[in-house]
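Let me begin by handing over the structure; questions about it come next.
Chain IDs A, B, C and D follow the sequence of writing; residue 1 opens each chain.
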Amino acid sequence: MPERTLVQAVRDALAEEMERDERVCVLGEDVGLKGGVFKATEGLQRRFGAQRVLDTPLAESSIAAVAQGLALEGYRPVAEMQFADYSFPAFNQIVNEIAKIRYRSNGDFSCPLVIRAPTGGGVRGALYHSQSVEAYYCHVPGLKVLLPSTAADAKGLLKAAIRDPDPVIFLEPKKLYRAERGEVADGDAALRPIGEALVVRPGSALTVITYGFMRAVSLEAAGILARENIDVEVIDLRTLRPWDVEACVRSVRQTGRVAVVYEANRTGGFGAEVAAELAERCFADLDAPVTRIASPDVPAMPFNPGLEDAYMLNPEKIADRLGALARY
Amino acid sequence: MPERTLVQAVRDALAEEMERDERVCVLGEDVGLKGGVFKATEGLQRRFGAQRVLDTPLAESSIAAVAQGLALEGYRPVAEMQFADYSFPAFNQIVNEIAKIRYRSNGDFSCPLVIRAPTGGGVRGALYHSQSVEAYYCHVPGLKVLLPSTAADAKGLLKAAIRDPDPVIFLEPKKLYRAERGEVADGDAALRPIGEALVVRPGSALTVITYGFMRAVSLEAAGILARENIDVEVIDLRTLRPWDVEACVRSVRQTGRVAVVYEANRTGGFGAEVAAELAERCFADLDAPVTRIASPDVPAMPFNPGLEDAYMLNPEKIADRLGALARY
Amino acid sequence: MLDAYRTILLARALDDRRFLLNRVGKLAFIISPRGHEVAQVAAITALEPGRDRFCLYYRDFAAALACGFTPRELMLGAFARAGDPSSGGRQTPGNFGSRRRGVVIGSSTVGPQIPKAAGIALALKWRGDGALCFVSFGEGATSQGDFHEGLNFAAIHRCPVIFFCENNHWAISVPQPLQVAGPGVAERAAAYGIPGVRVRGDDFFGVHAAVSHAARRARAGEGPTLIEAEVVRLQSHSTDDDQRAYREASDLSAEATKDPIPRLRETLISRGWLTVDTDREMTNRLTVEVERATDEAEVAPDPDPATLARHVYADA
Amino acid sequence: MLDAYRTILLARALDDRRFLLNRVGKLAFIISPRGHEVAQVAAITALEPGRDRFCLYYRDFAAALACGFTPRELMLGAFARAGDPSSGGRQTPGNFGSRRRGVVIGSSTVGPQIPKAAGIALALKWRGDGALCFVSFGEGATSQGDFHEGLNFAAIHRCPVIFFCENNHWAISVPQPLQVAGPGVAERAAAYGIPGVRVRGDDFFGVHAAVSHAARRARAGEGPTLIEAEVVRLQSHSTDDDQRAYREASDLSAEATKDPIPRLRETLISRGWLTVDTDREMTNRLTVEVERATDEAEVAPDPDPATLARHVYADA
């Protein structure tokens, strides 16, 4: 199987799905000749034409609205928000319109579309190119929210999202676009089911539940603890809504200890949902408090590297907290 | 002290603060002669004029943006979003602009304003006049989020919000606008501190942490359990960001059991933050799992009364869950 | 033509009945089309229900009838019964939707249907079978950013869409001068290089002609048109509103004389297309129809509470 | 006048230096004003820094200098040092802010400053001391709903605001025809009943006159003006972009000849306001100034990581 970076895998998924199904189209700012600011759509316009790969005006609300209109007419639009931070002008279209049209029409209408957006920090993007926005969308019934962290998952889940009958928010950790690479299958063999978490490192001492860029960082932290013979299990959620509660419960039942590691601001982050649910479901099995390890409640990543480092979680910060949890 | 309904208390707070400080002004859709769709601003335009009580165009993003501009120039605007469901067109202005201007300017600028919005259901408002939106705003560093549930708290906290140096999202449970009434002090005596929860019913068997309309419903549930000699302590958070963790921890340390009751959709609701934090902080004191009692993950309240009732929490539903928790 | 007139009378008769039912506490909430009916029906009858798409807004009660909703269906919606074709009683009445009729369900939110209609029209353009999308809204909705984004997008891509503004000069209590900067809504079209037309909303033939012309342009690939129909709001915004709180009594009584239906009736009679007798007959037959629709809806079953959580996502 | 010319040369010299520093890996990210400088400085010098408010956008590097930012301050921003007056190194360079100078800090988000400026101008109107608010943005920003909402609000309330669009015909890779429906940005003013003016952005005196006129109107209570200055983007969108990927080589080389600075220099010399010698002297003095600013910024301290959580809320 070919080696691909995460961003290449996204591009492959788009190309394959557009090849497979002519209803699939791509729209967004600079997705055409430029191929997107991260090159996720590079070459697609040359290959599929300026209709199916449409450069939109600089107006996110209309990007979401037009995608919805196309979906209502039977197309399978994949809309790009250039940065997740810039999905907020489209918030009303996404939350009030796209997420609720199936419900409010009592099932008469549906809106199968994908909204892709690069998310998260660590790339010196500063306040407005670094935000982790998943919590806003994970609270919305009617939406599905995916956040892959490997090339294979990015491709497999994006293909599944495009084929899904409901609207999907597809968040891509921009920090991993080029940093993350791996073997990726072609065609349907690449498909990944929505809603399944994955144990990416088996362990017995404690469970780390994470997603996105924090998967790699948590694995490093687990490596550090391995030297102290603390054997950490790491689970990558991959899908945040609906998330794989059972897989997490299974692990926590065995380890008796769990930390939820997420890059977003701590307060009200999606990790709170995971922690609350597991605290309730696994109460009898817990030997230590369900622990949240997240970013500080600061608006977002500052530009200055020293401040950015101070903001970001890293393997050491996480290892410290995990060590304490293991010793609790 | 005069008896006031919750909506009258809101109006009194606005009138008193406008009287006290000429920088205070009100803007929004229909806030003028009509006095707002819930009459929260009734009479204010006649009293303070059409400049200080400004009817805006039907455009929430500009309502938030104009309020921000006024705040930057030293005014103390109180903007009304006609329904919390309609704050989403302003989401970008609130989250990216208003909440972050102090931080991104390294303290050079600040944005003291209040955004008021009626929230929650139970009034046959259906999908778009019933949503509970607090979780979206509670995840935003830079914002404060208040959600009072009595006339006295509504007045005292709104006055405090108007005087606060930072932007405040002020959510008013529309179900209680007229249903809730009580004695309310005049002037500064009415002021309530931001960030303080209140034990509204002392009890020893278990702690219920709630806010908004669910305060009254939880109290009724507590009444039901009292007949079974289950003595429930009920805490009204009143301020959601920053919320009063210490007061909640104190109570849970004593009762050893806690349920978080909230009207919003369960998944990713603000109650998840409360539950996660208490599960972590009170681990050693807990005799039963931290329990969440919330609305189903359905977009929002349907219009049909039977469906609305099926959606809403009520004293019986809550009492059932609390009984189980007490017997755990 | 008489069909259209009949639809207009039917809308009025149903609306009158809704208010009666509201007064006796049987209907919770009404948004009345009173004063808009002629413009709404004139617009829809210039188009092709079944072929075209319609993004209506909450005041388009008469337009919904013209799109094919039956009195019974609208009454089922008014009573929020399980049989309500739009939402099975889930939404407030007025959010009309029916996939098979091409009526795209709205939400109560003001504005978002405008760029959505541009997207629908883009799809219709791609499909290239000459269908178009009609989207209506009040003048208050033109203040939303979505109005601008929708017109800009549709104009850039020459989408076959008709933007139909029912300007009753009030957005609940906010009058046009505090809502719409500049001369008016129609003038906004020039900013996007598309035609903008202002018509009297009580002039059935004027509205019909303007929409027909816009439809020809749309089907011919010439892109969108913005039409502003000036109408009157003869009722308060909704049954939750009382416009006497913010409008002059003189203004209200003056407007009360501007009901477009009598004017249309006179025109039809003067042109010899209608006689006083046929008109009376028609009215009587409609009354019976309204009776039946009301009775059926009143006894129709409510949605099963067990269906609350259905259709959040596709059924597994 | 020579001051303005000097500011323009200074902006260019600083920008050249930033690119050198970028190439040797010392500066992470630059958005260049190259091609916009004359229009920016002409606009600001027609106003009253200190008295007026300025909502600038990320490309307004030359405008920031004209508003009173010093080369050293801009270099501190470029290096994201603690001494950066805009954000203490927190934001990407280009989000200029300084309360005492009336420069309202922007975010990287395209569009929101437009209705914000309407609100600031409303406050200035209430205060009534004749101050105004200047807000600038690219033509891409005109597609945002916020553009429409801001102009509509400002026009309704006759706010003293100048909407200044620097139209370089590109929004990153999206050309004007896919961005702005209709004839152009200036024509959008008519929709709101306010004046709209298009000027050549390389014509210092034309821009200056247009802004001066708009300022007189604003201060006289006559409301907002929309000005479209047509400029060229002589660099890629930013150092993260390479416009050769989406623009014709011929187009790029043609545009390269349209640098507004030589044209201004010739005008000044032909009018006898500048000699080749004074020009050379000026340039030499600026080079020294740029040196000093760069050296000082390079060695200036970074923000203390311990301050990360400061200014989320007011200090207790």
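Simple rule for what comes next: a residue touches a chain if its C-beta (ideal position, glycine included) is under 8 Å from a C-beta of that chain, and two chains touch if they have at least 3 such contacts.
Please read these numbers as outputs of a predicted model, since none were measured by experiment.
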Would you pick out the chains that touch chain A and also touch chain B? C, D
What is the set of chains touching both chain B and chain C? A, D
Counting only Cα atoms for the centres, state how far chain A is from chain D in Å. 36
How many angstrom between the C-alpha centroids of chain D and chain C? 45
If you average the CA atoms of chain B and of chain D, how far apart do the two points sit, in angstrom? 41
When you check chain D against every other chain, which residues touch at least two of them? 87, 90-91, 107, 109, 143-146, 149, 152-153, 156, 178-180, 312
Could you pull out the residues of chain B that touch at least 2 other chains? 56-57, 59, 61-62, 85, 89, 92, 96, 100, 103-104, 127-128, 141-142, 297-299
Overall pattern in which the protein chains touch one another (line/ring/star/complete/other): complete
Chain A residues within the chain B interface of the complex: 61, 85, 88-89, 91-92, 95-96, 99-100, 103-104, 127-128, 135-136, 138-142, 241, 264-265, 267-273, 275-277, 279-281, 283, 286, 288-292, 297-300
Could you list, by residue number, the parts of chain C that touch chain A in their complex? 85-88, 90-91, 95, 97-99, 104-105, 107, 109, 112, 114-124, 126-127, 133, 145-146, 149-150, 152-153, 156, 310-315
Spell out the part of chain D that touches chain A in their complex, as residue ranges. 28-29, 80-81, 87, 89-93, 107-111, 140-141, 143-146, 171-174, 178-180, 240-241, 245-246, 302-303, 305-309, 312
Which residues of chain B touch chain C in the complex? 29-30, 32-35, 37, 55-59, 61-62, 85-86, 89, 124-129, 296-299, 302-307, 309-311
In the complex, the residues of chain D that touch chain C are 143-149, 151-156, 177-183, 187-188, 190-194
